[in-house]
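Before any comments, here is the structure.
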Amino acid sequence: MNIAFLGLGRMGRGMAANLLHAGHTVTVWNRTRARAEEMKPLGARIADSPAEAARAGVVITMLADDHAVESAVFDDGGILSALPAGGLHVSMSTISVALSSRLADAHRAARQSYVAAPVLGRPEAAAAAKLLIIAAGPQEAIARVQPIFGAMAQKTIVISSTPPAANVIKLCANFFIASIIEALGESFALARKSGIEASKLLEVFTGTPYTAPLVATYGSLIAEGKFTPPGFLLPLGLKDVRLALAAADAAGAPLPIANLLHDRFLAAIARGHGEKDWSAIALLAAEDAGL
Amino acid sequence: MNIAFLGLGRMGRGMAANLLHAGHTVTVWNRTRARAEEMKPLGARIADSPAEAARAGVVITMLADDHAVESAVFDDGGILSALPAGGLHVSMSTISVALSSRLADAHRAARQSYVAAPVLGRPEAAAAAKLLIIAAGPQEAIARVQPIFGAMAQKTIVISSTPPAANVIKLCANFFIASIIEALGESFALARKSGIEASKLLEVFTGTPYTAPLVATYGSLIAEGKFTPPGFLLPLGLKDVRLALAAADAAGAPLPIANLLHDRFLAAIARGHGEKDWSAIALLAAEDAGL
Amino acid sequence: MNIAFLGLGRMGRGMAANLLHAGHTVTVWNRTRARAEEMKPLGARIADSPAEAARAGVVITMLADDHAVESAVFDDGGILSALPAGGLHVSMSTISVALSSRLADAHRAARQSYVAAPVLGRPEAAAAAKLLIIAAGPQEAIARVQPIFGAMAQKTIVISSTPPAANVIKLCANFFIASIIEALGESFALARKSGIEASKLLEVFTGTPYTAPLVATYGSLIAEGKFTPPGFLLPLGLKDVRLALAAADAAGAPLPIANLLHDRFLAAIARGHGEKDWSAIALLAAEDAGL
Amino acid sequence: MNIAFLGLGRMGRGMAANLLHAGHTVTVWNRTRARAEEMKPLGARIADSPAEAARAGVVITMLADDHAVESAVFDDGGILSALPAGGLHVSMSTISVALSSRLADAHRAARQSYVAAPVLGRPEAAAAAKLLIIAAGPQEAIARVQPIFGAMAQKTIVISSTPPAANVIKLCANFFIASIIEALGESFALARKSGIEASKLLEVFTGTPYTAPLVATYGSLIAEGKFTPPGFLLPLGLKDVRLALAAADAAGAPLPIANLLHDRFLAAIARGHGEKDWSAIALLAAEDAGL
């Protein structure tokens, strides 16, 4: 298939590479062109602008945030104007529910298709084509991109025919992980302040029927206080919690743990932990216990 | 081994039965004697009082709460006075860190041994000898009861030589589960209020590398709104959160999520959900979203 | 002075009337023209659009929210294009810090002046020229509008030469009042659930050196459960808490009580209290206590 | 009247002195006898034990905490056994609702009267006989001690015939003050982080119809960062919040702001502010904002 891929960050590089490996014709674009050049040896074509890339007919965006997506889509010479009628935009990065809704409306008005397909998984999973894709959009559009999803993910879960539903689910998933980090952080603070070795609590949390890979991963980071190098940078956690809170506010659903997380992330940055992994919010529970 | 087993509730029955199956000589006592009589066909002897049982030399308590343990141990004719010097008390129910500490002191003063060994697992796990035991106490005492633990648990994790440490860890573990329930409840409220089928969010939470048996269990209960019959009664969840908060207050470690849980449990009872499973706190997130 | 007054809601009507009483020449505009017509007998001129009004050279906006202000200022034929160079925009309604900042930039670029001057006080205070004005902006611009402020307020406090500072202070003031309402609501819930007459707690809260008009006002409403007719509609409280949270998020200052208030307002609307006074969030503390 | 006064701390000294000034015969007792000796020049008699003092027939306790009151009342040779039938115990310090309830029961069983009469006011108010007394107990007992209250307070508010009701109200009053401190702390953090001088926010909070002596007092302390010497020591604030939370837990009334306060006090101590005034919890909002 002829595919444009916009956004070659830590996630996007692996995803685009997997599309190339699967035999697709991929035109890449990245704000910093050097990153695009690195894909050339894998067979990628390079576009000078989102508009040029969009002529491929199917455009995947894996850009940093709402602002980057808005700019790539709505600016003069952006995707919206360049994508042919019948073209398809697959938005895969974590963006706001509100923007996803606006994209759905704009593409519909332009007789283009739009699928929201955010992903779960770290850069390693992206590189290994082991992502989980959460997709929502018109049935025929999703059917059309199944081969694309198959090249990047171990599984695709189709949520609904309404694209923003996928973004809500993605935000729920990230909120849930952050909640687990906070609950771990508080647990370790209590155990350590009670004079117990962190490794013992970790043994319980990982050695029981209750465990999960997620708990093991973040439990270890917290037990060992190993917050650098960051797997997922703390301010990105703040960004995602903000998006979850915005979705909750718009829907009218209070999320008290998300409020707590928001304050944790803000305070973590204020108290000098902004360059660490997002699990470093656990340091705040420890500091507040005098550890 | 000659063992007294006090407390034949939903957990205790399975645990005592497994001790009998393993060939130990077990004397049981229960406040309501009928429950003790039911153990007779399995070979149990029946004691008329904690004191009579305590003559066995090794006493396991699996009683409802602090009050029941205090009464069985400290009352006239209780364990403390009846247990021979060199005797051993293994406290396996979920009690406060403060009481565990007081028991350690009292038994030491009476030249008896004391091991705190609370368990993780539901009644079915107790019946199937699949519990996880979290043990703390003097090394030789723990060594002495290993055959007992082996008959009841799939695994024993030894935390420390200081008994209350095991109680802290047990409270952390229950707090962690309750935190996950709350995070699930909020997530489902947001997804449903956004017009998404609960089953779709459940599919994501259980179909990913992030999943855990715990998430699947409670996620299903919440997605299906199936809070009766209760697996773990909501007021018992309140009891455990109170114990975690008491431990945190004494240690000087703030637990913001535990505060939220405490209020959820109180409000759930006030709003008529006191007869349901503790995962019914998820109803509050839903009600506050107008669902 | 020649003044345009935009926005004749419950607050604006009294404010505009006081300008007329003070002898100013006032041109009014309101989205629903009927409200403007009502000002005619007092001597007001009526404009057909914000632009027409803006020719007065000094424009006061007292519009409902950010959206209304943005539209009146930035739309084609809005204030920004119609106000002569050297003209002055005084923004008096409660708007976001971000919009106030954007207005400051836009007016500066157009060689116009901009003063942020939100007010404290209810409609009765507006009618009685007893408002408190919190003003920020260039010194000479504030000096220029002192006669205007004098006609509407009992006092003006000048915060800074940076307009958005006044908006921050206004949001702090409203957040503080809402915090007091919540603290009162929780106190009354505890007292009543403990079997104490609400009037007794009110007597203590109003009969001591600790009292304040604010505490007396809201304490009475809560003690008597008198939430209709609304003095300040509950969803407007939600709006203001949202603005405070947005300002706090942008500044990087966590506001945990504001988070709680946000959830209270959302839940109050979800649970059917959206038509009541904002002090009706006290009902949630009562409901959560089973009252 | 013949009165025993137990507890000559910062509050008790002024209160006992005022009883002497009013012409009552006062027998004092204090754990540290030196403090009692200091009252001799004012005409006080000195007792060697609570029991000796209790023979006066009317005993006022103004002791540090639950533990001190329990010891003075229930220990061998305590008030309960020494007070004659028909005697009266007036408990004026801030104690738990649970202990007040237990005292009511014990005195009733001993055919003695019991009045709970906690006070609002600082040591200066105690010295100046300007306290506010919140009283609850049997009507005839309260009538009997009116002359005593008149000598110490500017006003007595009678809550109910059930003594613990007065303790609930006292805890509500302290909780309310602490809530205002927290709301002020958050407001000042937001304002300062937004680049605004604290004095400007203080001017608004004290210059408006919304102000209160309480807001002025604590607002100034926070605006100036003047937390030493302490007017009310931070750990005493923690003690009172614990009592409020215990009362709320027993009554089944969630108090979310009290939870937040509890964590603030714990963290303030952990972060080194334990020797400061309780308003120093405002430092945490500031620190979390990076100030």
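All chains are identified by letter, namely A, B, C and D, in their written order; residue positions are counted from 1 within each chain.
The definition used in the following text is that a contact is a pair of C-beta atoms (placed from the backbone, for glycine too) under 8 Å apart; a residue touches a chain by one contact, two chains touch by 3 or more.
Since this is a predicted model, take the numbers as computed values, not measurements.
Under the contact definition, chain A and chain D share the contacting chains B, C. Compared on C-beta pairs in contact, A-C and B-C come out with A-C as the pair having more. Among the other chains, C has the CA centre that is most remote from the centre of chain B. Rounded to whole angstrom units, the spacing between the C-alpha centres of chain A and chain B is 38.
Measuring from the averaged C-alpha position of chain A to that of chain C gives a distance of 38 Å.
Taking each chain's centre as the average of its CA atoms, chain B and chain C sit 53 Å apart.
Annotation for chain B: residues touching 2 or more other chains are 252-256, 260, 263, 266-267, 269-270, 288-290. By the touch rule above, chain C contacts chain B in their complex via residues 263, 266-267, 269-271, 287-290. On chain D, the positions that touch chain C within their shared complex are 97, 120-121, 125, 132, 134, 155, 157, 159-160, 162, 164-165, 168-169, 171-173, 175-177, 179-180, 182-184, 186-187, 189-191, 193-197, 200-201, 203-205, 207-215, 244, 247-248, 251-258, 260, 285, 288-290. Chain D meets chain B in the complex at residues 242, 249, 252-256, 259-260, 262-263, 266-267, 269-270.
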